[in-house]
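Residue numbering begins at 1 within each chain, and the chains themselves are lettered A, B and C in the order written.
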């Protein structure tokens, strides 16, 4: 086995007759920061959701840490994974959503402590101490008792990041985490992610439309189009000297829309 | 006029019986509503089928028929109920069936993104329901539960027809003893209305307490 | 106690007679509920605050009190005031007014949902208030309400057994009288339940059909 934490092998995903992912293959090394870019509907969010087991796949295999995500062995045969298997696999993965998905009926602190207490049996006092550390990390220690409705979008998203981190996953998935934010709030979220990228050895996959952030942040960039990876490479190469025509067109459009790369 | 106090006493006795029926009926309707409402969302088709059968049966036949059936037919099967028991059983199960649909639609009204957040945080189905979905759904349920409770209060009047001496029954007693019609019926109408107002006041207070901090905002 | 099919065959015609009255009461009650409900809704929108408030209170009061007591009131109190109603008329009036308080909410919501622009356009066309209601607002507001109204008519159907308490000879009272005279409750009571369930089960797909037919176009 080579040194990979995620192995995606020939994955196919369909919604009805529409194929979203076509024989998709790629792998990720531990600690790698990967940016997934491409036009909307190209399948980049779908692969993140699939890794989080929010979607199922029709073909291919996904391995996390060498272990099959959607199938397990029973009596020497591969069978669809049961809830217990998925539950165990999910402990390795955390996800941050485009629309934050905070629990509106719980205060910031309870949003963060809920899952560690329920899924890992962490004691309340320990969970809260850890949550406060995380809130400190994302710069929101003073908002511990606030309700989500009282926060700005950028603050909500930082809480959502802290909530995902509280479970100490080895892999973090960021699904267009700044797309729903007002422009002036984008930077506060990006700076938290930048800090995470430089201070932790977590494997991070992000789907983003912020090209300059992807450029600075990622070790490797994958360009998706119509359910396939068209081109991949280190950001310096892919952004400045893309070899594929569709990548060039996409980046031209992005620049024309006023983004810096 | 001297007897008026006596008749008033009769009606207050009836008011007590009506209150008791309403409270006990609600006490049965609430768990029935949650069991059947969540049952309809179960992963197991047998549980779903059972819940649907219960809900459709009790919503499809009239409360009146159910009450008579509980009082007159159940004894033939060896289950003898007092009028109060029959009343509470029929009222509770009937309103519980309507409440089940409230529970189901409230849980379903919680956005998909909340389910997904639960999966991403690795909560089990039960944990998601208990800590994330139900607390949010409960806020949605309260106003409709309030209406259901008032419907139950109003439906208690039919137990007078199986000779349970509730408010409506006592009004009839007073009418037949005094020959006066407007006084007893107006009095009980006012008492029923006072009860209904009490229920809606209580539910509004509850709703205000539950939504505090939520600010009606959900993103 | 054994189920007796012979007895069922014997009492079925009587029960069906009762069902006829039940359906008649539901039909007439629904018509009254629709008309009075619209009336309540319009009065609640009255410019005169006294009228609007009083209507609001009356509607709340009728809706907060049991239909059975209201039926008694119509049946026993009105004759003293010189208004003589047949049992069926009293029953229909009771059902109609009681359910009018529910349908008035449906009308109110439907009217409120008509876009402001329609009122303004009607004014710009120089229509009188009556013409505006008659030709612009109600034709748009009513079709989307039909499923909700029908829902209440089905609910009303299930409350018709209450009419037996004021001596209307409908399904329930026919059943009780055959039960009492034969000392057999099992068949009559079960059959009443079955008949109600049958009609409700027919009503469910009919309601879905109405919902599809009148689903508001957005």
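The rule is simple: a residue touches a chain if its C-beta (ideal position, glycine included) is under 8 Å from a C-beta of that chain, and two chains touch if they have at least 3 such contacts.
Model, not experiment: these values are computed from the prediction.
J.: Return the chains shared as contacts by chain B and chain C, ordered by label.
T.: Common contact partners of chain B and chain C, which must touch each of the two, are absent.
J.: Which chain lies at the heart of the structure, taking centres as C-alpha averages?
T.: Nearest to the common C-alpha centre lies chain B.
J.: Roughly how many whole angstrom separate the Cα centroids of chain B and chain C?
T.: Inter-chain centre distance comes to 21 Å.
J.: In angstrom, rounded to a whole number, how far apart do the mean CA points of chain A and chain C lie?
T.: Chain A and chain C have C-alpha centres separated by 55 Å.
J.: Centroid of chain A to centroid of chain B, CA atoms only: how many Å?
T.: 46
J.: Give the residues of chain C that touch two or more other chains, as numbers and ranges in rising order.
T.: None at all.
J.: Taking the complex as given, what residues does chain C use to touch chain B?
T.: My answer: residues 1, 61, 63-70, 72-73, 76-77, 80, 158-162, 165, 172, 176, 179, 185-186, 189-190, 192-193, 196-197, 200-201.
J.: Taking the complex as given, what residues does chain B use to touch chain A?
T.: That would be residues 113-114, 116-117, 119-125, 127, 131-132, 135-136, 139, 213-219 of chain B.
J.: Inside the complex, what are the residues of chain B that reach chain C?
T.: Going by the criterion above, the answer is residues 56-57, 59-66, 68-69, 72-73, 76-77, 150, 153-158, 160-161, 168, 171-172, 175, 181-182, 185-186, 188-189, 192-193, 196-197.
J.: Please give the residue numbers of chain A that touch chain B in the complex, ascending.
T.: 52-54, 83, 87, 90-91, 93-95, 97, 99-105, 107, 114-115, 118-119, 147-150, 156, 163-164, 167
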